[in-house]
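Shared between the two complexes below is chain A, which has chain B as its partner in the first and chain C in the second.
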Partner chain A sequence: MLNYTDILSREPYSLEKEEKHAFLTGILAELTRYHYANCELYKRICDAKGFNVDMINSYYDIPFLPVRLFKEYDLRSIPAEDVKKTMTSSGTTGQQVSKIYLDRETSAIQTKTLTKIVSSFIGKKRLPMLIIDTSAIIKNRAMFSARGAGILGFSMFARDKCYALDENMELDVEGMKAFLEKHEGEDIFLFGFTFMIWQHFVKELKKTKYHPDLSRGVMIHGGGWKKLLSESVLSEQFKQELNRVCGITRVHDYYGMVEQTGTIYMECECGHLHTPIFSDVIIRRSSDFSVAGIGEEGLIEVVSVLPKSYPGHVLLTEDSGVILGEDNCPCGRLGKYFKINGRIKNAEIRGCSDTYAAKF
Partner chain B sequence: MQQSSKIMVLFGNRDFEAMMRLPVKPVFSEEICSFLNTLSGEIMRSREARRFPDVITFGFFCRKANITQLKEQYYEEGRIGRGLSLHIAPSNVPINFAYTMVAGLLAGNPCIVRASSKRFEQISLLCDLMEKVACDSIAAEYISVVQYGREKEINDYLSAMSDVRAIWGGDNTINEIRKSTLPTRAVEVCFADRYSLCVLEAKDVLKMTDRERIAQDFYNDTYLYDQNACSSPRLMYWLGNEEDIAKAKKVFWNSIHDFIAKKYTIEPVIAVDKLTMSYRAAMDIEGVKLEEDCDNLFSRISIPDLDMNLSDYVCPGGSYLEYSSETLDELCKAVNKKFQTLSYLGGDPAEYQKFVIDNGLPGIDRIVPMGKTADFSLTWDGYNLISIMSRKVESY
Partner chain C sequence: MTNLEKYNQAFIECFEIGEDQLEGLEYQAIPTWDSVGHMGLIAALEDAFDIMMDTDDIIDLSSYEKGKEILAKYNVEF
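Right, the complex of A and B next:
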């Protein structure tokens, strides 16, 4: 049976290609059999495909579930009474959201894994944390979603917390000043969502005369670049501007999703997103779902050893990306490293079926 | 502001109120037939038009021989137009506006045709060609091809003047346009979302040698419009014994594969949509089998019976439900009012028609050979467009 204590005792970027393949195949094959036995809907998909769960030679062969299915179906491999927490993806009003069902065990290993990955970047010590968001996001249950969950999740690295924005999303200069004075000379952990940081921190700091000294800071941000790209802001510029307004140099983006909470993909010092040994990224060609080569753009499949309470261990995202290399990033971390090119575009469908709502 | 000033006229009459006062014509009037013939010639001569198979097909439809043949079929003494006709064309089929216009004209009515607001080259090309031949015909007076946004006020304004309204494509569009009332005497014909299937007689499929032709025909029915026309087959109903069907399926899908692969590229989002749909079917229906093909060109979902709402499993871009049986009987469970076109490869169309009639099926309005599902006909969705858009002057 799966022994997560053992699995999670390993260092996150410690295995070379072949070892990692064997390691992940063993765990993911077992998870596949577990979900097959415990989730009727998952079993139906495997059966319809004629997929034999007892004959898995590589995790590359395990059927990948489109993430959208988690919006439409209640997919779980545990009885309803064992559900301790239901995570939902962020979605605007009216949009369907993913529902991810967690039991105590899965929830715990998510936290543990996140800690392992993040502490390999910011250190094991808890730090004073400056959250580039509003405290309202935690207080207001209606707003509580992936953003709130992300903040809560990353708060476990905090010793003392301060929200940089007030309830009206305005920069709380006085609050920040007091917080930074209190922790003068210490490393500061900054966390927030990429667009929030750009819109409400970088742009606002530029307007004020306040120049906080965060040269000892380390920032982790995520949530995607879609809105920034619409303003043609690229990663490099984002970092430069951040450095200008507060002197920070250590800035790490991450890629992750609520469907596989815990196994996030952190950006290293070279600007590459890295796969830890607990998860992997496979790029697939949309023409036939075959595996794309290094440098070739395609759909992103994500696998993770964590999803046990729900069959989300092998997923096809709607993001497109490229593997940049494997085991040879100059930063020294082993595993694949990659970049995200963004969400796949909606197709312009011909034919007479309706498009009134969108275009008419 | 006046509503008429918000409407962009691409071709023809700019004075909508004057159009309302134009005298109606008898069905298949000499002037209209002659205009269509001239237009057909202009299209066939146009170098530009050759780039668009759909424009050429339309030109071919308008030629004298075809119109004469249609006249024999549809003409009736004493039939005359009803008055101003308003046509709302679907947004995603560029050429449809031209066919509904022809139906309106042949029925004897002045036509205001709302073309798709997308910038399809076919629309502007056809308007240019009509401009060329319009001067010595009544076309410029009796036709107005327009574009406008989704303003309800414009729909209100035009609807209030109309004696005939034809709404093509989509339940949502129909519901939206119907918010604009028509005069009490006006008639309306709507083409709602439909569901179509293909019946394949395995024994006949195995005998067929012209594979390239079959591939082209199937392509025209499906991928040409992203398998999103109401007449595009979603269900492949295989007829025959198990052994023949297994062989015929292999032959059929193999022979169309290479042809379509050359012409059609699966966009990433379509690949994901189709995979999602096949897993949805697998989860919802017990006993589903997903066929493993060499690539994502078709997604084939074998279903164990038809006792279900098939239209819940529609996904554009090459997603097919497959069902096999010795007889058509099982179809009775599935067919509802949404069913439109039964296309066939092999078998006897007269028998299929008899099956629909004998069983009193609530749907299936057309039975056409594979490759012909998108061909325009003056009888569409079970409506005789000429008789609906005209009136009969009775005398005895």
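Right, the complex of A and C next:
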């Protein structure tokens, strides 16, 4: 049976290609059989594809489910009474949202995994945390948006928290000043969604002429670039502008989605998104879904060992990207590293940052 | 206040429950002990005992009883 304590005791970027392949194939094959036995809809999909769940030689062969399916169907592998939390994707008004059903176990391993991955970047010590968002976002506890869940998940690394924006999404300069004064000389952890940071932090700081000293800060941000790309703001410029307004140098983007919460892909010091050993990215050619080579653009498939309460362990996203290399990033982390090129045409706008940005 | 009283009070105030509900209480067994409530509890415990817990311990604190074990690591005796 799946032993998550054992799986999650490993270091996130510690396995080379062959080892990782064997490690993931073992776990994902078992998960596939688990979902096959516990989710009728999943069983029907495997059967329809003629896929034999008892003969899995590689996780590359496991049928992928399009993420869209979680909008149209209630997919879960646990009885309804075991559902402890329902996560929803961030969708703009009028869009259907994905519903992801979590039980206690899956929810717990998601948090553990996120902690493992993130602490390998920012350290195990909890830091004062400046959240570039409004506290209003986590007020509704019953139904969690991906944005609220993201903030809450990352709050695990905080010792003392400060929301940089008030309920009207205005910069709370006085609040920030007081917080940074209290923690003068300490490392500060900053978290937020990419567009929010750009719109309500970078742009506003320029206007207010307030230049907080965050040279000891480390920022993690995610949630989508779509709106920024339409304003022609690229990753490099984003970092430069941030550095200009507050002196921060350590800035990490991440790629992740509510359908596989926990296994996020962090950007390293070299600007590459990295796959940890708990998950992987496979690029598929949009013409026939065959596996694309290194450097070749295609649709992103994501696999993760975490989804147990719902059959979301092998998913085809609507994002396109490209593998840049494997096991040889100059930052020293093992595993594939990649970049995102954007969303495929006609795909819905999603991503915490992008759905919010659609209002602008 | 004894350490046990302080410990109990953190739970009682954070989760709006009675003392009789403490024994055997587990994470997510009651609506108020959800992930938001959990961070509130951690903050209350850290204030009450003037400690700072590691992220791993925050995650492992999954029941009323488990919390006592974890706090022992921070030299809080019951």
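Going forward, the second predicted complex is superposed on the first by the 341 of 360 C-alpha atoms of A that agree within 3 Å, B and C clash if a C-alpha of one lies under 4 Å from a C-alpha of the other, contacts with A are read in each partner's own complex, and residues count from 1 in each chain.
Here is the rule we use: a contact is a pair of C-beta atoms (placed from the backbone, for glycine too) under 8 Å apart; a residue touches a chain by one contact, two chains touch by 3 or more.
What you see is a predicted model; the values in this text were computed from it and never measured.
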Touched partner set for A:Asn168, first chain B, second chain C, both or neither: neither
Touched partner set for A:Lys112, first chain B, second chain C, both or neither: second
First, second, both or neither for A:Lys85, with chain B first and chain C second: second
Chain B versus chain C as contact partner of A:Lys49, first or second or both or neither: first
Touched partner set for A:Ser155, first chain B, second chain C, both or neither: second
Partner chain(s) touched by A:Ser9 [first = chain B, second = chain C, both, neither]: neither
Which of chain B and chain C A:Lys124 touches, first, second, both or neither: second
Comparing the two partners chain B and chain C, which touches a greater set of residues in chain A: B
Residues on chain C engaged by chain A in the complex (per definition of touch): 27-28, 34-37, 39, 52-56, 58-59, 62
Chain A contact footprint on chain B (complex, rising order): 90-93, 96, 117-118, 149-150, 168-173, 176, 191, 193, 224-230, 232, 265-272, 275-276, 278-283, 286, 288-290, 292, 294-296, 316-317
Interface residues, chain A side, partner chain C - complex: 84-85, 104, 107-108, 111-112, 115, 119, 124, 126, 138, 141, 152, 155-157, 159
Contact set on chain A toward chain B in their complex: 41, 44-45, 47-50, 65-66, 68-69, 72-73, 286-289, 298-299, 316, 318, 320, 344-347, 349-357, 359-360
